[in-house]
Each structure stands twice: as C-alpha cells, then as structure tokens.
Amino acid sequence: MNTKSLKTLLARVRRGTLSPEEALSRLRLLPYEDLGFAKVDNHRQIRRGFPEVIYGEGKTVGQIVAIMGRVASRRQVVLVTRVGPDGFRKVRARYRKARYHAVARAITLAAAPRPEPRPGVLVVAAGTSDLPVAEEAALTAEVLGNGVERVYDVGIAGLHRLLDHKDKLLAARVIVVIAGMEGALPSIVASLVDVPVIGVPTSIGYGTGLKGVAALMGMLNSCASGLLVVNIDNGFGAGYAAAVINRSAPK
Amino acid sequence: MNTKSLKTLLARVRRGTLSPEEALSRLRLLPYEDLGFAKVDNHRQIRRGFPEVIYGEGKTVGQIVAIMGRVASRRQVVLVTRVGPDGFRKVRARYRKARYHAVARAITLAAAPRPEPRPGVLVVAAGTSDLPVAEEAALTAEVLGNGVERVYDVGIAGLHRLLDHKDKLLAARVIVVIAGMEGALPSIVASLVDVPVIGVPTSIGYGTGLKGVAALMGMLNSCASGLLVVNIDNGFGAGYAAAVINRSAPK
Amino acid sequence: MNTKSLKTLLARVRRGTLSPEEALSRLRLLPYEDLGFAKVDNHRQIRRGFPEVIYGEGKTVGQIVAIMGRVASRRQVVLVTRVGPDGFRKVRARYRKARYHAVARAITLAAAPRPEPRPGVLVVAAGTSDLPVAEEAALTAEVLGNGVERVYDVGIAGLHRLLDHKDKLLAARVIVVIAGMEGALPSIVASLVDVPVIGVPTSIGYGTGLKGVAALMGMLNSCASGLLVVNIDNGFGAGYAAAVINRSAPK
Amino acid sequence: MNTKSLKTLLARVRRGTLSPEEALSRLRLLPYEDLGFAKVDNHRQIRRGFPEVIYGEGKTVGQIVAIMGRVASRRQVVLVTRVGPDGFRKVRARYRKARYHAVARAITLAAAPRPEPRPGVLVVAAGTSDLPVAEEAALTAEVLGNGVERVYDVGIAGLHRLLDHKDKLLAARVIVVIAGMEGALPSIVASLVDVPVIGVPTSIGYGTGLKGVAALMGMLNSCASGLLVVNIDNGFGAGYAAAVINRSAPK
Amino acid sequence: MNTKSLKTLLARVRRGTLSPEEALSRLRLLPYEDLGFAKVDNHRQIRRGFPEVIYGEGKTVGQIVAIMGRVASRRQVVLVTRVGPDGFRKVRARYRKARYHAVARAITLAAAPRPEPRPGVLVVAAGTSDLPVAEEAALTAEVLGNGVERVYDVGIAGLHRLLDHKDKLLAARVIVVIAGMEGALPSIVASLVDVPVIGVPTSIGYGTGLKGVAALMGMLNSCASGLLVVNIDNGFGAGYAAAVINRSAPK
Amino acid sequence: MNTKSLKTLLARVRRGTLSPEEALSRLRLLPYEDLGFAKVDNHRQIRRGFPEVIYGEGKTVGQIVAIMGRVASRRQVVLVTRVGPDGFRKVRARYRKARYHAVARAITLAAAPRPEPRPGVLVVAAGTSDLPVAEEAALTAEVLGNGVERVYDVGIAGLHRLLDHKDKLLAARVIVVIAGMEGALPSIVASLVDVPVIGVPTSIGYGTGLKGVAALMGMLNSCASGLLVVNIDNGFGAGYAAAVINRSAPK
Amino acid sequence: MNTKSLKTLLARVRRGTLSPEEALSRLRLLPYEDLGFAKVDNHRQIRRGFPEVIYGEGKTVGQIVAIMGRVASRRQVVLVTRVGPDGFRKVRARYRKARYHAVARAITLAAAPRPEPRPGVLVVAAGTSDLPVAEEAALTAEVLGNGVERVYDVGIAGLHRLLDHKDKLLAARVIVVIAGMEGALPSIVASLVDVPVIGVPTSIGYGTGLKGVAALMGMLNSCASGLLVVNIDNGFGAGYAAAVINRSAPK
Amino acid sequence: MNTKSLKTLLARVRRGTLSPEEALSRLRLLPYEDLGFAKVDNHRQIRRGFPEVIYGEGKTVGQIVAIMGRVASRRQVVLVTRVGPDGFRKVRARYRKARYHAVARAITLAAAPRPEPRPGVLVVAAGTSDLPVAEEAALTAEVLGNGVERVYDVGIAGLHRLLDHKDKLLAARVIVVIAGMEGALPSIVASLVDVPVIGVPTSIGYGTGLKGVAALMGMLNSCASGLLVVNIDNGFGAGYAAAVINRSAPK
C-alpha cells in the first residue's frame, strides 16, 4: 500500500463508496505493511517457493509437528533441521510422507509439484566428518529451489583431489565450502574462482581447534579477497545465503 | 588447453608440422594452465574491468608507487587501500592524477574511459565512527564497476532512521552493513530484505567490545537467516564480495 | 538501635532501671546492627513480603527441604530455583502444597493470604528456547510481589512481532528482556522505551555463541543508552532486580 | 494516534471537513508514530528535561560544535562526554558559557533555569583511579536532573571506610558503584542495601585484570542478588540508567 | 653427603679400609644427592610426617592400591585424593582400615600412632557448593600434621556471618579461603588479618563464571595486598601450601 | 614423468611408434604428476614403507574396515588411530590378524616381512595420564619404520627421574616429549640435548589448564631455543614428524 | 574493647563515674573496633614496622607527595612503587632524603633507626628482563623488615646455573620466583625445596605469551605441590606475602 | 667422567698416586658433569660452530656490546636479534666490522674463516609483510652454518606462485614456512613434500587475526601430517630448529 493507493482509499471514503469502518480495518494494517516489508518479503518468498524452515534443536516433537502442520497447510515444502532419528520416528507417525535425511539430520515433507530447480549451487566439503554440515547446507539450498552439486573429501592435505573437480568449480554460481581443522579449504577455493564463496567452519578437530574457532578464524583472516563466512556448523545459514545469492542470478 | 587442443597438438607432432621441442615447451605449461584456472580467472577479471587492488598497510611508499605503475600500465583503474595522507602526498608527486579518499584512507588513479557502473550495491553504516570502513567498502565496490548507494548513521538506537530508507533497502541487489558496538544492525537489515546481506563488524567501541569481537560475534550468531560476515574492519573484503555477487545479477 | 535509643539505654543503666548485665547482652548485638544494616534490610524484606530465595542447584533434596521448612515457618512464600522434576517429587512428599513450575524449573510453596501484586514488570523473550530463563525471571518477580506480563517469541528476525505488543512495552515500569544468539533484542527494546531495561543473555545458540558470551557481549556493548545486564541465564537475578526497581515506583 | 482518533479522521474525511490531501499528510506519519514510540518517547524526554547526550569520542571538534548547537537551540542542557582538554578549548571559543569537567572529561552547557534536582542517586568509587568513570556517571545523572551524592575511595581493602558512609548508602534510591581490580565493591554494597545497585567495572589494574574484564566478571558472577552491570568504563550508561530508575521513584 | 663426608670416604679408600668398588657404589649416588636435595627433602618430609599424597584422578583402582601399599609399607599415613565412592569400595576390599571422606572425595589410611597435630590452619568456604574443595584442603592439611579449623557458608552476600568468626580468623596462622562465583571472599579475609591467606577459586557458578576463571581472576586482581592463589578447585595444593607455611611457624 | 621422458614420448609420436590416442591418455595424467608431486611423494612413501594412516575418530567401523582393505591390498602395514575397544572388536571380526594397542587406542595390521627399524626416536612422557598420547606417538613412529625408546613418568616435580635416563636422551636422534599440566618438561629436555625436540601438550589437568592450552602455551613460549610443537594430544603428528626427521638422518 | 571492658564501662555508668554522654561517644566507636580488626591489625602492623605502601601508578606527583608526608609523619619508612624517574625528580625536590631504586622503579624514604632485618627471604629471577619485577619484590620485602638474598638469571634453559645456588635455596624460609616466557622456573624451585614458594609471572615474552598469561597458566598448573601464585608483574604482592610468611617464622 | 674414569680415580687414590684433596676437587665437579650434559652439549656446539645467540629485545646497548665481546673473544660468529637501527649505530661505534641486516633487524659480527655452509634449509614466506620474521629465520640458520634458499611472496591467494618453485621445495632437507593472516601456507607446503616443515605464524593481519593467534591456530590444526610449529613471530626459533634438523642430515 503506497501513497497512491492511500489517496485512492481516502477519495473513496470521501465519495462514500468505502465506509470509515472498512477503511479503518485496512489502515490498521498500514504500519505493518510499511515497516513490515519483512512481511511483504515474506509473501514474496512464499510466491517464489521459499518455505519457512523449522530449526528443530531445542524444540519438542510436539512443537515440531505443530509447526510442520502450519507450513504444510500452505502447500509449501517443509524443512526441519537438527532432528535426531528418534524425533523423526515420532514425526513420521503423524506425517507418513515425511522423509529423513540421516546425514544432514533433517526432515523434509515435499509439497506436491515442485518447480524445476535453479542450477548453480556447489557444496564442497574437506573431510568426511564435515558431511553433516555439508548435507545440511546442500539440503537447505535444494529445499529453497536450487540444484546442488556436491564435491566431498577434497581437503588441502591432497590438493589434487580438489583440482579433479575443476569443471564443477568453474560451473557454479555460488560455492559453499565446509571445513574443520585449520579451515583453509574455502581460502583455496576462493582464490581459484570468480563467484561468491561462503565458508562454513565446522567443529571438527580437537585441542586448539577449540570446536571450530580455529577454522572460523582461518576463514575470517583469509588472504583470498571476498571470502564470506557464517557461524561454526551453520550449514543451514550457508545454504540459505547461497539460495538468496543464486536467486538473483540469471537462469 | 583441453583434450581437443591436446589431440590436435599431438596430431601435428605426428604429421611433423610441430617439432617435439616446440610441443615440449607448450606442454611444459600444461600443468599450470590446468591448475591455474586462477590465472584464467585473472584474465577474465581484467576483461571485466576488475583491477588488481593494492593493500597499502605495511608497504613502503616506494613499493606502492612501483605496484601502481604496473597496474596503471595495463590501463586499469588503480585502487590502494589503507594509506595515510602522508603516503598520498608522496604518491601524488609521482602520479599527478591520483585522487585521495580521505575517509576511506584510499587512493585511486582512474583509467581513462570507464564503463557504466552496474547499479545495485547499498552500503549501510550504523554510526559516524564506522565511516572509514563503510567508505572503504563503497569505494572498493565502485572501483570494481558498481554503482553504490550509501545510507549512514542509522544505528539501532533509533530504528526509525533506518526505515526512512526503506526504498533504498528494497532496491538494492546486495547490501553491505557496517556496525561496531553490539553489531546488531546487519541482523535487523537481513531480517527485512530478500537480497544477500554482508555484515562488517568494526573495531568501534570499548571495554568488552574487544575491538570488534563483540560485533563480530553478534553477526555470526544472528538469528536472521543467511547473514554473511567478513573480518573486523574488512571494508575491502565486503566491497569485493558485494561486487562479485552483483556481477552475476541481471542488469 | 540508633544514637537515641543508645542514649536511653545508658540513661536507664544510670538510673538503675536496667542492669549492666542486661545492657551488656543488648550491646553485644550492637556491632551487627551497625554493620549489619544488611540484617535490618533483611527484616524489612520480610516486612515487605520479600522471602528468602533458595538456589537449588548443587543442593541435595534434604538440604532444600530443610531450608524450605525454615522459610515456611516464617509464613513467607517459598521459592526454590533450578530444581529438576525428580527433586520436586521428593519435595512434594514432604510439602503437599508445593507447586512445580516446569518451564522455570522452580518450586513455590505459597504463604497463606498474599498481598495484591504490584503491577509493572514485563518479561520479554526472543525465542522459545529462552523460556526457562524467562519464566525463572517472571516467577521470581511474582514471588517477590509483582504482577508480571509476558511477551514471548518476538525475536528480531521478525521485528513486527515485537511491535504488536507496543501497549505492554509502554505500560511497563521495568522490562526484563531475555535473548540468546546475538542478544540484540534488549537493545531494540531499550531504544523504544523510557523505563529501566534489564537484558539477560541466554546460553542458547552454538558455535561462536560460546554458550551465551556472544549475547552477553552484545548487550554490554549496546548502543542503546542505559541498558543493564546480568549474568548468562541469570533469570533469577533479573527478576530480583526488577522487583527491587519496581518496589520504589509509585503504585 | 490511536484507533479512536483514526476513526475521527476518517469520519471527517467522509463529512468533507478534512480534505483527502490533508488526511494523507497526517497518515503518512502514522507508521512512525506507530513504530516510532521511540520518537514519542523522545519528545517525552524533552518534556521531562532529558537532553540529548553527545558521545565525544571519535568525533571532530567541528562535529561536536555542530551537534551542541542543535541541542542548545532546543534550550536544553548540553552534555558532551569523552572530550580532552584540547577539544574543550576549541569548543569554548564558540560557546563562552561551556564548562569543562576535567575529571569526567566532559563538557556541559547549561540551559537557563533548571528544575530542582531529584535527589536519590549515590555514586560510590573504590579507588582514586576510578574517579574519571565515577565522575562521568555522576555528571550524567546530574545533567539528567538528579541530585547526586558521592562516596569515593572506599575499596574493600579497608571495608570500614565504606561503613563510615552507611547513612548515604541507606538514603539512596539507586546506587552506582565503580570498581576496577577484582570488582568486588558492588557486590558488597548490593549485599547491604535494598535499592537497585549498578556496578561499573573499570579498566584499572594490570596483568590478568585484562583491562577490566576481571572486574566485569566479578560483578556478573556476584553472589549478591540482583546486581546490575554495564560495560567496562561505561560511566555514562550507569548514570543514564540511574536517572531512568530514579525518575520512576516517588520524590 | 657433603664435602666433609666425601673427604672421609676418600681418606678411607686411601687407608684401604674402603674398597674402590664400595666407594664407587656410594659415589654413584652422589650426583643425585647433590642435585637431588629434592630427595633429601623427601626424606625430611618422611621424618616430619609428610607422607606421599596420591592424586587419584585418571588412575585405575589397581594403580591406586599398588601405590597405597608402597606408601603404607613405610608406616606413613596414606592420602588419596579425587576418588569416587565406587573406587573406594574396591580399595576397602584390600585395605579394611581405609576410611572414605565423602565430601572431600578422598581416602585415608592412618599410620598407627600419629604425632600431636600442629594447630594454626583455618579453612574458610563461601558456599555449601564449595565444600568438596574446602574439605580436600582441610583433609590434606590434617594428613600433613596440622590441626584445622573450619568456617563454612560465610559468603560475602551476608558479611556479618564471616564477622561472627572473628576469633578464629584472628587465631589462625595461615588461612585457606575457598570461593566460587565472583571469588571476593579471600580478598575480604585478607584485608582483615595479618597472616598468609591462600585463595582457592572453585568452578562453582555458571555463565561468565567460566568454570572458575571469574573467581580466579577476582583473586589474582585483589586489592588486598599479598593474597596468594592456587589453581581452580585445587584444594590439595592449598592445603599442602598451608602445611608448608604452618610448619615453619613457632608452635 | 619428467622433461626427458616427455621428450621421448613426443619423439615416439613423431616416429609413429606411439599413437596420438595412447599419448593423450598418458598426458592426461601429466598435470597431476606435475602439480602433484604430492602424489609422487606419496609413491616415494610407499617405496620407503610409509603407509597411509587412518584417523579413526568420527569414522564408522564400516568406513574404517573399507579403508583398511584398500591400504592392506598394497601390502603395507595398516595403522588406525583413535579407535575404542568396541570398534576394534568389529574390525577383528574382519581382519583376524589385526592387533589392538589399548593404551594408544590404535589398531595395526602388519604387512608381512618388514624392514629393520631405523633407531633414533625417543618418546618421553611426564606422567602416567600422558601415556595414551605418548603411545600414539611411539606406535606411529614404529609403524613408519623407526625403533622407538620410551622414558615415562619423569615429570619435573622430581627432575632426578629424568636424569636417570641421560643415556637415552643423549643417544636419540629426535625426541618427542609429552606433557600436560604446565608443560615444562619439553623445555627442560630441549635445554639438555642437541637434537630436534618435539613437544606435545596433553589435555591432562584441570581448571586453568584449559584442556591443554596451558601446556601448549608453556611449550610455545619456551626459553629453550628451537623447541617444536604440535597440537594438544596430537601424538600421531609428533610421531609422524619424528619419523620424517629421523628418515633424513644417517643410519 | 571486649566484653570485659564493656562491662566495666557499664558499671562505671551505673556508679555515675562515667556520664552517659561520654559512654555514648566511646560506644560509637564500638562497631569499628569490632568489625574493624582490620584497623587493629593496622595498628599492629605499625607496631611491627609494617609501613603503608603507596602504589604510585595512576597517582599524580602531588598526590604521592601528600601521602608520603602522612606516612613519614608517623616515623615509618615510606615505599612508593611504580614511579618513573621523572616522578622521582619532583618528589626529591620535596623530600631531600628520598632515594630512587631505578630497576624496581620505586622510591623509599627511610625512617630513622631501623630494626635488624629478619633474614629468610630469597628472590630468584629467570632472566634479566624480569629484574624490575624481582627488584620490586625484593625491595618490598626489605622495606617490610626482611633481609633478602637475590639469585638472578638462572632460567631453565641452563638448569645448572640454578643448582649453583643450592645453598641459598636451602637456607631460605620463603622463596619468591620471578619468570616470564613459559614460567617454569617456580615449578622447578618448588620441586627442590621444603619452604613456601611464591611464583610471579612476568609480562616478558611475545606472541602466545599473551603478556604473561602463558607464564601465569604455567605456574597455576604446576605439578609441584603447593606452589603459590600472584598476579602478572605483581612483585609488590609477592614481596608483601613473603614478608607476612617470614614474620611468623622463628628467627 | 663416567663409571670407568671414576674407578680409575679411586684406584689412584688407593695406590697413593692421587691425593684425597686432588680427588676431592675433581669429584666436586662430578654432579655438574653428570647433570650438566647441557654444559657438555654446550661445548659440542662450540666445537660444531654453533655460537651463542644474543636476544637483543629488552637489553641495553651496553649489555649487548658486553655480551658480544664475550662471544667474539671465543672467535665465534656473533648474532644479535631484534635490534633497531639506532642500537646498531651504537654497536658499530665499538665493533667496526659489525654488519646490520635491516629487514631481519639483526646484527652479525663474522668470525674470521668460516666453514662451508651445509645446504638444505629453505625459507618460504607468504607475503612481503612476513619478511622480517623470514629473514630472522634465514639469518639464524645461516649463522649456524647452513646454506639457505629463500622463496618469498607465494601466499595461497595465488597458489601457482608457489608451484613455480617446485624445484626448491623438492631439493630442501628442511623447510621453514612463514605466514600471517590465516596461516595456511605451511599446511599446503607440508602436504607437498617429504621433509620436515616448520610453520612460523606471524602477527601480520588485523581484527580476528588477534596478532598471529589465527595463524598459529591454523598451523596447529593443520590436516597435513607432521607440521611442526613455533611461537608467533619466532623466526629465530624456527631457524635454530631447522639448523638442528639439518645438522643430522647427510651432506
């Protein structure tokens, strides 16, 4: 509702074609529409197939099932992250079609016909222990409508493994790179490509790794220009950001 | 050099139209061309008007002048970051057309005719003390070919100031948000828009702000999905990443 | 016992209406009453309905039951914080009327007729995971004689949810705001109101959240003037301080 | 502007006593008044004698003079914090009546007739090195309309010095306690009184004091219930919060 | 073995009353006796009733039983610290007279007739949660031959509780003060007495207490002159140091 | 494949004794052999008896068994680190000859006839709690073909114990020193010998030991020149580095 | 004033030999004498020759001169710590007999005839950079009446240098050991002697030494039983504690 | 002096060919020779051309000149690290032949004829800002008798630059790799070679680089097996360790 439509509304009140009561109930929403372009954006997300994502950690199964119902009722695909296999078993008792992604520790419940995925997201992971975070990122990007390529187990201890996948690196529109330990892989990838690279430090490692802080610091201090970073183990955030970036790219 | 061109080369050797010695010297470069898509990418940057950026901190004026010469000789725009006014005075003695950006503490030396800037980058800053970092980000994005809008002094202590600039927030393709202190502004912005948001913590503040660590932690732990982060005070990195993201967007 | 009563006492000794022995036993308490205005204050608390609060963590059920008996014998309401459901089961075996507040993980045992609660405390929580801390704060303030309003699940990822509760924000005399992750909500609230705001960081989050340190640093470095902070997860402390502040306010 | 006044406005449009254009210009402000009770509050502050406070650090003298002019033009008392004596000399060249508070490192410019100060704020400081922070707190509270008592140099190494000032402790409505080193003084004060206590850690000390972090941690982990804390060296924040708390107290 | 005894030995070799072989085997030990005044000291400890103390954590019950046998065979009192009740049950199967100190989580096995304990050690603890550390300190000092007084539950939230025990504070020769949370109690005690005070921070607390780091920092930065500190939860170390200090005091 | 063999290949193509297709398939590997001198080095390792080591932590038994098969098929000795006894039981079901090293928590599967071990590696450990890390270091060095001497339980609390083993210290070509707590033993050893010393901090200790950080900091700040350090608890890394150093030493 | 003298006072009031007014003014001091055994202790210190020590850092020369006058007027020796040579020059203008201790950065002003120093304090320092802290400790102990031996430059990089001073180590009653870098020297000393050892970490070093934190952590985590620690660079605290310990020892 | 020579000495005493007094004076040195293989080793270093190195930081020019004289008198090459140009000017006034290494900030004073350097040390540096540390490492290794190759400015932002120097990497016996920022270069180098690699983190960078801590953590957590690490900016330590490693290698 902008200035123009507001003027129209007031004119209609004057002409008597809109009652003050009706006008009032519309104006009551005005502040939200104004401030709340978050809300407008929200609608746009729905329109574009971006469903609400449910962060499962710290929620009871009952709460999860309830929110799933709310999202599913809007005919959107449902994504629940950070749920263990036990939680899933209870969810499936309610939603027969729910599917569990064991590595990503996530549940999806597919809305009926889905649009063609938008290609362009590449998820790269350094080691096998980084897979849960990598799969959370990949799954999130997929649920948000993207086609996702995966390149796993290409840590810097054997750089030639990464170079084997040169074609995928060059074809991507946005790359999510997952690494624990010293977290150098995102820097290496960012130094090789000309698209946005999002580094995700993982809590893999021990001792001075400080549960991912070493990897995070490595990424933040990268000498590769423009490397972007999210929180430790935040596969969801990286997948979400990759989807936002890829959305604006030409198909 | 791909499989096809390699086959051609070998066929020419067989036919005797290429001597083994000549073939050898070409093959010697093969590994680098293979690894080195960084290099290829480098060329692509030049092609696209992405010049080499010179990080001035810790470099002598002599070194800076020398590298500027090298970049300028390729008829590219030159950007030198983190140089004080004294350094600039000496640089200008050599490059009459060099221009100093006092707030950003950066030097530019413009290549002759420049292409039309690509619109879409918005730089938002919380306080006036954040301006050096904000200007470094904005200038970097501009030098890399982008049109940059600026919205400054809109910290969360008075949220209505930010909402005054709703139009710019909604028009941007990528937003860089600079904030020190508790670093909450990027979270607020990211919660309102549907484009990529890059948070830049600054070392502004005192006490437990720990020279930007509080702001950094605030951004990494944002409850706004998909907020991306760079190192403390890294305006250059944010501007660079914004340019990379904006490049892939449709004009 | 002040100068005046001391003078009276000495005069009575002189007049012989008080024996030196009796005077001695009264004077023996003098230092404590002097130093110990803590003690005097203690009595004032009793007078005002401020009971002793029992911190349950690290205490055996036996110890808890014993202290509860001591407090209850003074006909005060009893509050025990940080007790699990198992602990409560054993407590109830002894105190039939004890009531368990599962979310706050606290036990209360109500003293018979209680005075009208003093309105004015508002407890705001960012997410559902913050509820245990929020409820500890709310319950503490209630037990200390305050009427408490609650506004939950209004994190900054959707600011309009907070603004829906504008009326409660404006009506409060003191506001406790609970938030984990980046801990920005107390800053936002403090920037909107003109009453004391107490921020409580929670240990909700992961990675660089460092079990609440990120939220704490966010609150300490708030650019909203005058935000007050307590320790991570210290709902009790916030509720207690809110009660102290609200006590001095006009009803 | 609430539902009722909105209804009236619309009724007037219908009746033709208010033109749509005039109604529009009023409605344009609606969102801000709605969101912006910050603004409303802002006005209330002015009404109540709460001037805008200028944080001088990181601002040029030119910027400070400009903002001072803006505040002074509203006939409010002006407070500028964290300004060195050099800065003040330049400010005085412009504002003859400006006064420098050397210990607090602050400038004030008094608005003509000021209301009677509201008594009740007590500022306690542990050591002489804590005085700059203590004076910043005291001056802030004074500028915001409060009468401030001061009790200095009463660190816990000689507890009897604090007890000498028992009367002031008991008479205060809100107490700000400043301490560096181990930061225990606020805990001691809070254990003795029944009014809100705000602890301000200072960066005084060396070695593991970590520029105030030890004192901050001491205050956050106080075993005295309800101690409230602000950032290291944040005298302004403590004075501001004390003023907000004291404002709601009965005179 | 000193210069004199060495001279004697050589003279005996010369006289033929000591064979070179016998002299050699004695001289072989010479370096150790020289370097090893640790060893000599070791003997002195035995002489003075200072037995070897066994740190139980990380040792198997088998290892503990074996070392206990070695110490007991020298007719010394045996002390094993940091053993759980399960470990004790197995130990008692072997040593019928072993006694378990449940709060201190330690085992003792008394050597037959023990000398009169040397009075003078006082152990003060702030809260009931600090008792395991306090008891470890007290028991260690007792086993090393000292008479130990205990003053528990006298935290600074109610300072008058500490002052009730003024006589014990003034009578002690060395005081061990145990405190978690903000760790201010040792500072208070040290400011009141003229004997050595050893502060022991405990890992009691939560949030920014950082498992005792807040308390440790509080003690290290104490403004009470000469407060001495040991590691977090190191009751044994404090008790040992107290015994060493008390040993040199006149009885 | 070096310049010479490349020339030969091209000459053969020219002579027609090698088809372009065959040459192509050989050249396709060229980049890796070139870049990948890691790979060449890999082959050299195999030639020298350096097998691939499997880091067991975070891998499923299925994954471990699969990788063991791959390594064993190359007739190399297999080493799997960080596997618990349960994991071993399942591994042995598949590999009858697998052997478990309980203290080191590692599995080996010996390749048939092994070369004579190269002497020269000494592993020194401060306490019995450091043995798991010490044994991991020793076993790694042994599996990589070295003869390993062990000197355990020689912490600095009784320095004479270390000096008893002077001969071993002087005979070693490279010394790995394991220590937790304050981590001073590697400094002491390094100050006594003229061969490379590798310090390994362990996570043994409590309180401010910060799970090995104190020991690590002690080693990094050693005043003994040239002490080299690996990550906390990284026995494998130290054993591997010792093997690399010892390999270049004359036998 | 104890129970007995109180009884006497009251009896005198009864008998009329003491007026109630006079009794009142005496009783007014009662709380302080009771609480204030700090004060009593203070007097005892004066009696024993323990003067007040002035911490010079953060004090103006004017303040220092004033406090010196107050102390000197009681005919005590004056000690001012942490004063630079410039400060001393101004002090000497006022106190001709003041003496500057350049290494310790301290001023003393001797009271006329001083008692025989009590022997027994040994100060050991690892390196020449540690001397300022070592001398502050030694001077403090001397001013407090002790005879002090010094053993400097005996760091663990050459342990034989320490052992050269075996006699002094064995003769001391209390030993202060100063060390930066890895801070291992106090552990070595403590493992060799049977008297109290106080470790003082210094801020000497770089990188991960973290301005003394590495040394501090090394001392706190010492495996030598009973090592006592003070804050980084706190030579005064160590010297003071050594004096307190030595005071109780038999001469 | 070993068992055999001791036996001989005692036999000579018996035979009367050695007086007890003479034997005594020889035995007096026994402990040191025993403990003191440090000393023996010291002599060995001298024999091998390893001079004493003087750490200049925190030493006065007078102290430096004095120690230089002592070392030079033994006809050894003198190395003084961490001296500024001003310090050098004063040193040269005394030692005409002293030479200043401006980048390494070190002084050398060459002993007359030096032995042929032992080849095999390679120093690799990531950026130009790392050169002071790199040169300190290279110079140290050179002064200790090694031939040193240098490969500078080969950071991971352009990996092909490193690969250009493949030949030097493969020819080295020990490699020192200097890197600031994220510190990934040592990991990359270690993953490519089969000789010992020593990583040296530098304090180059800003923000979360924490003055080298990020680089240090990156190296400690490297996924390249066997990477060895020294303290931040410790070029001397790395050069020293490289020399010790290279010494044992066959020429």
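A, B, C, D, E, F, G and H label the chains in the order they appear, each numbered from 1.
By definition in this document, a residue touches a chain if its C-beta (ideal position, glycine included) is under 8 Å from a C-beta of that chain, and two chains touch if they have at least 3 such contacts.
Being a predicted model, the structure only gives us computed values, none of them experimental.
The equivalent interface to B-C, defined as the listed pair sharing over half of its contact pairs by residue number with it, is D-E out of A-D, B-D or D-E. Ranked by how far their CA centres sit from the centre of chain D, the chains are topped by F.
Look at the CA centroids: the one farthest from the centroid of chain G belongs to A. Two chain pairs, A-C and C-D, are compared here, and C-D has more C-beta pairs in contact (counted per touch definition above). Centroids built from CA atoms put chain F at 40 Å from chain E. Taking each chain's centre as the mean of its C-alpha atoms, chain A lies 57 Å from chain E.
Under the contact definition stated at the top, the residues of chain G that touch 2 or more other chains are 31, 34-35, 38, 158-159, 163, 191-192, 207-209, 213, 216, 220-221, 225, 231-232. Interchain contacts (touch definition given at top) occur between A-B, A-C, A-D, A-F, A-H, B-C, B-D, B-F, B-H, C-D, C-E, C-G, D-E, D-G, E-F, E-G, E-H, F-G, F-H, G-H.
Those residues of chain G whose C-beta lies close enough to touch chain H in the complex are 128-129, 158-160, 163, 204, 206-209.
Listing the residues of chain C that touch chain G in their complex gives 3, 6-7, 10-11, 13-14, 16, 20, 23-24, 27-28, 30-31, 34-35. The touching residues of chain H, when paired with chain A in their complex, are 126-127, 155-159, 181-184, 187-188, 191-192, 205, 207-210, 213-225.
Contact residues on chain F toward chain H in their complex (touch as defined above): 35, 37-38, 41, 44-45, 53, 163, 166, 169-170, 173, 191-196, 198, 216, 220-221, 225-232, 236-237, 240-241, 243-245, 247-250. Taken together, the chain B residues at the contact with chain H in this complex read 31-32, 35-36, 38-39, 57-59, 63, 201, 203, 211-213, 216, 231-234.
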